């Protein structure tokens, strides 16, 4: 028989003699599903705002003498690069968050707390982005780079802890190969630890590697796909 | 029999001879449910934006001589602490708002008005946050702390009034132990009144206590849980 | 028989011999309903952001000598009053928008275009708000007041035109007393025309009257309520 | 028979003897549909924020001597015009995005990646908007105009590539006349290429033509309408 994700088998055996009508069951389950929906909606909002606020960090060069604007715009390249790197990274983290939540059957208080911690990290990103853009060619690019790469590293850690919590709290769907995903998740902190090392040498490379990481993570992760549990 | 939350028993007795089809009933009820959904969606948006705007208050230190950035970043600790305290407090208030609305069966005009008042408070938070961060080490930290703690106190009051209104207007689900939740809600204003007193002595402790409050409120509140009304 | 809102009677007579299954009909109607949902979601987002951006206009007074902050905070009252007036007005306009859309059966291109025009007005509000706050005690408060009141007047006009368009394009539900609502809607432009006159005399009164208007509009408008079309 | 959009005929033949209940099928399909919903919700958020942030670029003129404000407000016309042009263009792009997604049956990783690229463009718009407003009457209006028109051109290209990808990946509904829409989509890049040429001659005309384009695109595109596949 089909293991329908939303049905919690031990709690609601779909016995033919069950007196509970479909309407009643929907009504009973609705608040729980709605809770997850609102957590996702709130998270989507925070991701969307954080990713859009990044543009506010790029300041328009003031009016000057003829043909000065072109040079001024070219000189803004650290801002463009930092904008691109942070946009893609937040975008991929949103994607990651979104995929993670498709695997989660229901939210509980612990998950909501971890999610809040994760959003704290996402909300924080515009600051290190502006910091690294401002100091990319200055004497303190290493410090700025560490703050930048360290922020991503911390978020990757929170993602891992959150996923492991969800697996242990049994709030994920049964048909998921949780172990394989846990293994894949562990890659994030390692990659962003490497980014911290890269930042030690060059702020520019720190941003370029961030872009490359984001492109890599955006590639189709076949592991996330739901297995075809309809077979048989 | 199961008291299915969405069914308003006296209005829509599920009589077997009822000529009303499921489609018709859904169509009839849809706008009401949609109303609550849009109130929640709008509120989620305001919470998400207010919580994300907080980062705009942390200004990037300008480029200076070598190794000056590290010190400048350390000196920004009042901004980080205020950001953390307000982020967690708004986050917990969102959680609270979200839980409260899972208990509410339908929204009416009074509830929408109270909700607007609540959102006014949430939208206001970035200002006292920036105020306290700016004045945390200055001669006027007490004034800034009062504005900060007083804002949270006012929001806690609005939460209480709103909940009591919802209980009295009978817009909450029947199976809820409303009295117990009312009692628990009353804790908020008391705690934030204490925070106002703390702010009299120290702006820093005002922020630290705010963080502790938020962590406390984020802990699983077993009272909020729906009782298992399926038993029998 | 019940005039179920979502069913377009002339198009889809629910004949017992109809070969169309419920699944098929839902699939067919889904995109249209989804269209309205996304228009509302997008509008909610714009309303929520515009209402939250208002706080950015209130600038934190810089650190100064002892006890100077209290006076500086008191002197910010024009900003608080403008914030309050615009918050409540946008809030009530959101409420209005929300109620209007519960009466709308489906969206068409004209409605979407009018909605975009309406959102243009909402997005614009933070500018006249900051303008009036800045000039409330200056020699040019009349000019600032006109821009402020004129903006609300223009939005009220757009609301009216949009509603009349929806009624004429027959995209509202049949059971609605459209004429009565049209009459009620006509009140908006008149009230905000009066506000323009008030602004001629005093910027402060322009803001106070805006607050009073918002409170008035937030009161339960029994006309909006769906008539109980279940009787018979 | 009706080709119900959500049913993937070869996968789920609606055979009368099918042992799969409606509940089971809904549960199985829910995550996929939810994925599209969250992509749309996230996109809506980004569009809504980008369109609302535009107002932050219009700076309030400071208090000055009597009657100076009126002139100062008139002198802000480049900001108003740039605000209007970008608001309408983002609005129409949202509409376009929204229509495109009503044609898309399900999202896959490639589509999500293209969508992220598209949102990168939308998020970017506030910068060229402020840039052109600032330099509209300066010696470098041509440079600013190119950046402005070039940004729209790039977004139009991404829309095209994304649509062609969706058609090729067969993620669009079957009943759509994809070739006709592809042809219509190709108009966008051509029109915005013309805008780049217009920007070479005049920044003001670049903005006026942008407004005209937006109005043109907002007109009812009969091609987008779903054909009446209920006939027969």
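All chains are identified by letter, namely A, B, C and D, in their written order; residue positions are counted from 1 within each chain.
Throughout what follows, a contact is a pair of C-beta atoms (placed from the backbone, for glycine too) under 8 Å apart; a residue touches a chain by one contact, two chains touch by 3 or more.
Please read these numbers as outputs of a predicted model, since none were measured by experiment.
Asks: Any chance you could name the chains that touch subunit B and subunit D both?
Replies: A, C
Asks: Taking all residue numbers at the subunit B to subunit C contact, is the shared part over half or under half, that is, same or different?
Replies: Because under half of the interface numbers appear in both copies, subunit C and subunit B meet with different residues.
Asks: Just curious, how far off is subunit C from subunit A if you go by their C-alpha centres, in Å?
Replies: Measuring from centre to centre gives 33 Å for this pair.
Asks: Averaging only over C-alpha atoms, locate the centres of subunit C and subunit D and give their separation in whole Å.
Replies: 24
Asks: Hey, what residues on subunit D touch two or more of the other chains?
Replies: In subunit D, the residues touching two or more other chains are 41, 45, 48-49, 53, 56.
Asks: In their shared complex, at which residues does subunit C touch subunit B?
Replies: Those residues of subunit C that touch subunit B are 2, 4-7, 14, 22, 40-41, 44-45, 47-49, 51-56, 58, 60-70, 73, 83-84, 87-88, 91-92, 94-95, 98, 102, 218-221, 226, 229-230.
Asks: Which bits of subunit A are touching subunit B when the two form their complex?
Replies: Residue list for subunit A touching subunit B: 20, 23-24, 26-28, 30-31, 34-35, 38-39, 41-42, 45-46, 48-50, 53, 56, 108-110, 112-113, 116, 119-120, 123-124, 126-127, 130-131, 134-135, 138-140, 143-144, 147.
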